[in-house]
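Structure first, then comments.
Residue numbering begins at 1 within each chain, and the chains themselves are lettered A, B, C, D, E, F, G, H, I, J, K and L in the order written.
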Amino acid sequence: MKILVLNGPNLNLLGQREPETYGRATLPEIETLARDTAKRLGADLDFRQTNHEGELVGWIQGARGTADAIVINAAAFTHTSIALRDAIAAIGVPTIEIHLSNVHARESFRHHSTISAVCRGVIAGFGAHSYVLGIQAAVNIIVTRC
Amino acid sequence: MKILVLNGPNLNLLGQREPETYGRATLPEIETLARDTAKRLGADLDFRQTNHEGELVGWIQGARGTADAIVINAAAFTHTSIALRDAIAAIGVPTIEIHLSNVHARESFRHHSTISAVCRGVIAGFGAHSYVLGIQAAVNIIVTRC
Amino acid sequence: MKILVLNGPNLNLLGQREPETYGRATLPEIETLARDTAKRLGADLDFRQTNHEGELVGWIQGARGTADAIVINAAAFTHTSIALRDAIAAIGVPTIEIHLSNVHARESFRHHSTISAVCRGVIAGFGAHSYVLGIQAAVNIIVTRC
Amino acid sequence: MKILVLNGPNLNLLGQREPETYGRATLPEIETLARDTAKRLGADLDFRQTNHEGELVGWIQGARGTADAIVINAAAFTHTSIALRDAIAAIGVPTIEIHLSNVHARESFRHHSTISAVCRGVIAGFGAHSYVLGIQAAVNIIVTRC
Amino acid sequence: MKILVLNGPNLNLLGQREPETYGRATLPEIETLARDTAKRLGADLDFRQTNHEGELVGWIQGARGTADAIVINAAAFTHTSIALRDAIAAIGVPTIEIHLSNVHARESFRHHSTISAVCRGVIAGFGAHSYVLGIQAAVNIIVTRC
Amino acid sequence: MKILVLNGPNLNLLGQREPETYGRATLPEIETLARDTAKRLGADLDFRQTNHEGELVGWIQGARGTADAIVINAAAFTHTSIALRDAIAAIGVPTIEIHLSNVHARESFRHHSTISAVCRGVIAGFGAHSYVLGIQAAVNIIVTRC
Amino acid sequence: MKILVLNGPNLNLLGQREPETYGRATLPEIETLARDTAKRLGADLDFRQTNHEGELVGWIQGARGTADAIVINAAAFTHTSIALRDAIAAIGVPTIEIHLSNVHARESFRHHSTISAVCRGVIAGFGAHSYVLGIQAAVNIIVTRC
Amino acid sequence: MKILVLNGPNLNLLGQREPETYGRATLPEIETLARDTAKRLGADLDFRQTNHEGELVGWIQGARGTADAIVINAAAFTHTSIALRDAIAAIGVPTIEIHLSNVHARESFRHHSTISAVCRGVIAGFGAHSYVLGIQAAVNIIVTRC
Amino acid sequence: MKILVLNGPNLNLLGQREPETYGRATLPEIETLARDTAKRLGADLDFRQTNHEGELVGWIQGARGTADAIVINAAAFTHTSIALRDAIAAIGVPTIEIHLSNVHARESFRHHSTISAVCRGVIAGFGAHSYVLGIQAAVNIIVTRC
Amino acid sequence: MKILVLNGPNLNLLGQREPETYGRATLPEIETLARDTAKRLGADLDFRQTNHEGELVGWIQGARGTADAIVINAAAFTHTSIALRDAIAAIGVPTIEIHLSNVHARESFRHHSTISAVCRGVIAGFGAHSYVLGIQAAVNIIVTRC
Amino acid sequence: MKILVLNGPNLNLLGQREPETYGRATLPEIETLARDTAKRLGADLDFRQTNHEGELVGWIQGARGTADAIVINAAAFTHTSIALRDAIAAIGVPTIEIHLSNVHARESFRHHSTISAVCRGVIAGFGAHSYVLGIQAAVNIIVTRC
Amino acid sequence: MKILVLNGPNLNLLGQREPETYGRATLPEIETLARDTAKRLGADLDFRQTNHEGELVGWIQGARGTADAIVINAAAFTHTSIALRDAIAAIGVPTIEIHLSNVHARESFRHHSTISAVCRGVIAGFGAHSYVLGIQAAVNIIVTRC
């Protein structure tokens, strides 16, 4: 059971960047939390971050045949990238969209996501715990096959 | 640790109603699943359903001082009820919005929620498992106090 | 052959309320007209009115397995209630939307109906005769099974 | 008692054209159904079809002083023709707008009608039976003079 | 001279609920203030609160023939309820819309009121004093008959 | 000096049709008024009416090389016809848009004209006198060549 | 206790101008009514009218340190003037927006006010009595200091 | 027979200002042309220009009882001034809106006029000749009293 | 292999009409080019032009069973005609939309096509060569049957 | 080298007015800063403020032939005045738009400027230093003649 | 004669990715088809694909002086990338926009292209054959130099 | 004092690319001008250009702790990149947005900037001199610490 956790632009700054919005956990701390969750649920984790949309597209494409599910925090790309949407739609690997902050309580341009419609589900607003819930949701989808 | 799980209009029809959208689990089955989750996490559960917006408002008001968190599937009211929004904002009890279906992959009038901005977070698209994730998120908020 | 005729908020005021818009017939008079029509067509009629959206939702749910068709004048709820829409979509009983007045010749907020898309058809603008036409359409749908 | 039934563009293709949307009845079959209905109600029927907006405008103009009511299925012109609207408003003959399909359950550009506001009422979604209901509504308006 | 003062959803929480927005006065304190104002102006007061739209509609309907004016703080229903609008328009009793907070200085969805157009006037932003002004306006309308 | 005066759909009904909006003059009376104006100014008049957009397009095309100016009351086509716009733009004959009624004081869908931008100028709201002013404007353009 | 009552463009025409909308009281009569109200409440009144936005801005600026509250009927400027808004926001003197007519029951361009968000509250629709209520609200704010 | 011709902001620059848009005639030249037209038609002319909206409002108010008609080129105020609209509506003197350029062939913010709906008619696009036509239309309205 | 090439309003003016937009080729010259292309590809060509929407609808209807593909330059009707759309959707003959000019580089009202969604594909911007490409695309669809 | 620095409504309140938005410098202090900058760059400065749009229009008109450049902080008029836009476009003197605050980080109605499109450039958000930069930009334009 | 064929994100997945939308041809198969077409027409082909917007921008820039035409399937970037638009506009090499699917028959966010306005023309909806048509169009432009 | 000057996509083409819009200076010439300005003001300059959004995000992130201010010409990314916005907001280094052209005088999609709201200020329209002004503004912010 292999889960790919993908992180979009500026998430490498977590912990320092606007902690009142994104929380105080750094990305490595979140990775540790995610790995612990995955291990507890018997899943293998591949955890990555990039500021490049094209690289994110490539990673999603690479999940085809190598990962059972994707958990993605697309950050700023969430609201503008059709390329991510097309990649997710193309590969047929169940994908879960997560966000640290409650995007619906922020600026209106963060209320729309281009990828939600091609993801299985969305989890937003629980800080680092969004990753825990996302991985758990992924495992549940893989195990129940629905 | 007490969690109030509230269900809005037509959720009493679950299992029979458009199963390709909402899944095959009935509301009593979901209640059982929710109770098992709560018990496993050491929480007490109060699980209710109503077709009346006013009753839902009253239940939210009643959570003040009696519940540690609310998990709410407001169903159709999600998209139109400012009364629910005001009730949630008024009581100061952490509230988690959940949905069975991925509302963002459906009709455009389901893409907007009037209550998201006053909830802690949103979980949508995981069928009955959305309740499990919602309760878990609630417990995490209660335990970590953030 | 059983037909449920449902009336939404303020229709209990008919005859007194803005007669130039809604006509001079009272709701009891309309009920009599509707019963006569149904009797003539060999149908049984259940005729109700409520100001409560939740009660209307409950009545629609109750039609499942007990009524062959619904004729609904949702009045003000026509333009805002997604709960009614979800109830109609859920039960699979053919439903006909009717209006006394020609809603398209009135304020622009009355031009949109949240329930039309899940009803079989719409009849608007014929005063009390809209009920006669609605019942006739219902009987035709029941009899021809399409 | 004379009723003019007017049919707009492409309705001459009925029966062959997208039967899942418009039903399997051909226009001649619908004409027969309409004539039977009119005869039963003691009315004389003039039934026509054209693909030309200008011809439809001319027919509506000609109804002045020669017809007691118009039943019109303007088809595609429903959504764009202000000329039809002006003609209907100009002649003062009660006009009933009908549609075979439930236009509100189709593409959004079919949700708006330019003529509804100048018609007495609207009937949509009952297939060929929409013509029966429309003629009946017309007779009722002529007979009751309101 | 009888005045009906109606309060919509969540106003029973006043004093506790977001005092920086709604002030520190509780609803009973406001009722006392309103009663004092009415008594001083020689009017009889009927003061009620409900979280149910349907109940509010019923109370407005009941004012017909029993009250000389209505002062209504429809709270959240202000922005969404066409049923309230229709009830007010139907009964012909002069109605005054009031708000504790200055709705125009808050979220944009609070800037529009569905009922303003059928009320005599609007008073917003003066906290509990809005009730005093509303009653006074009502008395002035009753006394001057315009 | 030859001027082509073109009239769109339903203008043949003038005098009978909604006189409070369009005035009491019939189209033949307006034609007489227009001919008198033209004669007084030394111009030759060709005055036509049609309910067919295609015919109007053809008449505009025919003005090329045969008329010095066009005065057009496109009536309902004013608001929807791009074909008229393209025809006017194509032929290079100065064209003046006129309206009997003040379109800006009527329904909002009459506020926009598809042809104004390719006409020399617009005259609206002066009843039959709009034709007099339009012809005069046409003569002025022809004579001053600007 | 000093209150500045400011009147915008065209209010000098009151009594003559569209009395069905604005009432029959002239501005001098309203001034007398306002002075009586102020005197009764122990306040000093400065009552002015201008058709110049710039002059209105200057008067608002002048209130700083010289008036305890402003009651303003900005008339047509209500809907377009950001300069008034900035002036009111700049001076920190509590300001009350009033209107003779119920602006929400009129043309849609009168539904929005550029100044409401920086005023303490809004009173609209009570004719000349709006001034009485506005002054009373002003006195209440001055006296209660909130 | 007295006609007031009013000119809004920047029209004092005519002839120098963007001649390809506004023509080469200066305002004094246009005044001469207007005076000649008025004299020929037996009318008295009062011709003014101002850059101040308030002054324009005052001049319109002053027309009440002193002028039989107004011809107004409100220039930039055309698109934003509700104060002008209210003044025109208030005084009951027939008013004709004119423009030198064809505003509909220019930037989209020039397509809407706040005053058209309260004017008798609109003339646009004929350069200085728009004044001639406007005065003629005014005389026609005065003479025919309609 | 029979291909129907249809041309909408004003295309009969090609060569003379705004050559910088539409090119210098006349419609007969384009017809010759189209015939040469068809002959080279072994197809039979039927080439027509009309200014009447109704005639265009009729020609499309006539293609059913007599043509293997349609290449249509609907010109101005492209942007407004739902009747054309319905005709194309009704007949099931593969249809290719073509344009001489690059409509997306022109006025915004030319950016939307009502027929694109029911055509197989769109070719725009290549002048007379758009016809060559359109016929080639049509032949390819006929030959490959997809 | 002469530069005209123009200041719109409420800028006379600077220093006192919302210092967190506009800074603590008063307008005379800013004038001194501007004069020092101009002197350093060899330019002559004319520095003015008004609350009247008409006066601002007049000052801009007066710059024609007397000033080499204009630096304008139109304040509230920035967002609504087409008269200012027309004046700037008319005179052909290079004009630079400046703002103290970063208008794009404030209310949405401050994001649009009616004058930007006719100015050479825009400088916003640097407090009093915006004037320094604006004068410098003006000098650069005058000196480089581009 | 050198033609650069550029492919945007996710096109490397062709054949596997949603074949009902994009067809069953893989990108290498399309490249072969394109090369055959080019060879037949005497052109040299450079065929590339990338998921990186920046790389695509670089390739377009590189076409300046090295390619005679560009054929670009920008895929997801079509709808969002202004950088591509600026690059195409900057280099002056004729560019043809192509799409495999008929974008106008899909989700509404695919109906708008940011690059169409700076391309020579657009070809969409013919599957792999869109490349053949695109190359042919490119050759025609190169050869005819228009 | 270290200033990072960042340049977005296609700016490497400056001088050749549409000189009437962007000026004739090449990017190296602008770099020289910027370096001269920085040197004169005692600042160190780091000047870079990229076509990759991800690289630009990385450079902004890298400014944290290494640069005192950023001057950014984000070019096409200005209008679409939320990733840039998030990066600028995250690092807390004062950032100044500059543009060569006056974006407000160009296509409407260039009027909105996603980054303005998180920058200190904006400078647009002065060609290469925008860089001089931007650096000066940066130095002023660093020196005055506000």
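As a convention for this text, contacts are C-beta pairs under 8 Å (C-beta built on N, C-alpha and C of every residue); 3 or more make two chains touch, one makes a residue touch a chain.
Model, not experiment: these values are computed from the prediction.
Asks: Applying the touch definition from the top, give me the chains sitting in contact with each of chain H and chain J.
Replies: Touching chain H as well as chain J, we find G.
Asks: Counting one step per pair of touching chains, how far is chain E from chain D at the shortest?
Replies: The least step count works out to 2.
Asks: Over half of interface residue numbers shared between chain G and chain H means same, under half means different, so which is it?
Replies: different
Asks: Does F-H or C-E have the larger number of C-beta pairs in contact?
Replies: F-H
Asks: Find the geometric centre of each of chain A and chain K from their Cα atoms only, then give the gap between the two centres in Å, rounded to an integer.
Replies: Computed from C-alpha means, the inter-chain centre distance equals 31 Å.
Asks: Mind checking the centre-to-centre distance between chain A and chain I? Centres are C-alpha means, answer in whole Å.
Replies: 47
Asks: In chain H, which residues are in touch with two or more of the other chains?
Replies: In chain H, residues 52-55, 80 touch at least two other chains, as defined above.
Asks: Pairwise, which chains touch?
Replies: After working through each pair, the chains in contact turn out to be A-B, A-K, A-L, B-C, B-E, C-D, C-E, D-F, D-I, E-G, F-H, F-I, G-H, G-J, H-J, I-K, J-L, K-L.
Asks: Within their complex, state which residues of chain K touch chain I.
Replies: 102, 104-105, 111-113, 116-127, 129-130, 132-133, 136-137, 140-141, 144, 146
Asks: So in the complex, which bits of chain F are touching chain D?
Replies: 8-10, 12-13, 16-18, 50-55, 75-77, 79-80, 109
Asks: Show which residues of chain H lie in contact with chain G when the two form their complex.
Replies: Against chain G, chain H makes touches at 52-55, 57-58, 61, 64, 80-83, 85-87, 89-91, 114.
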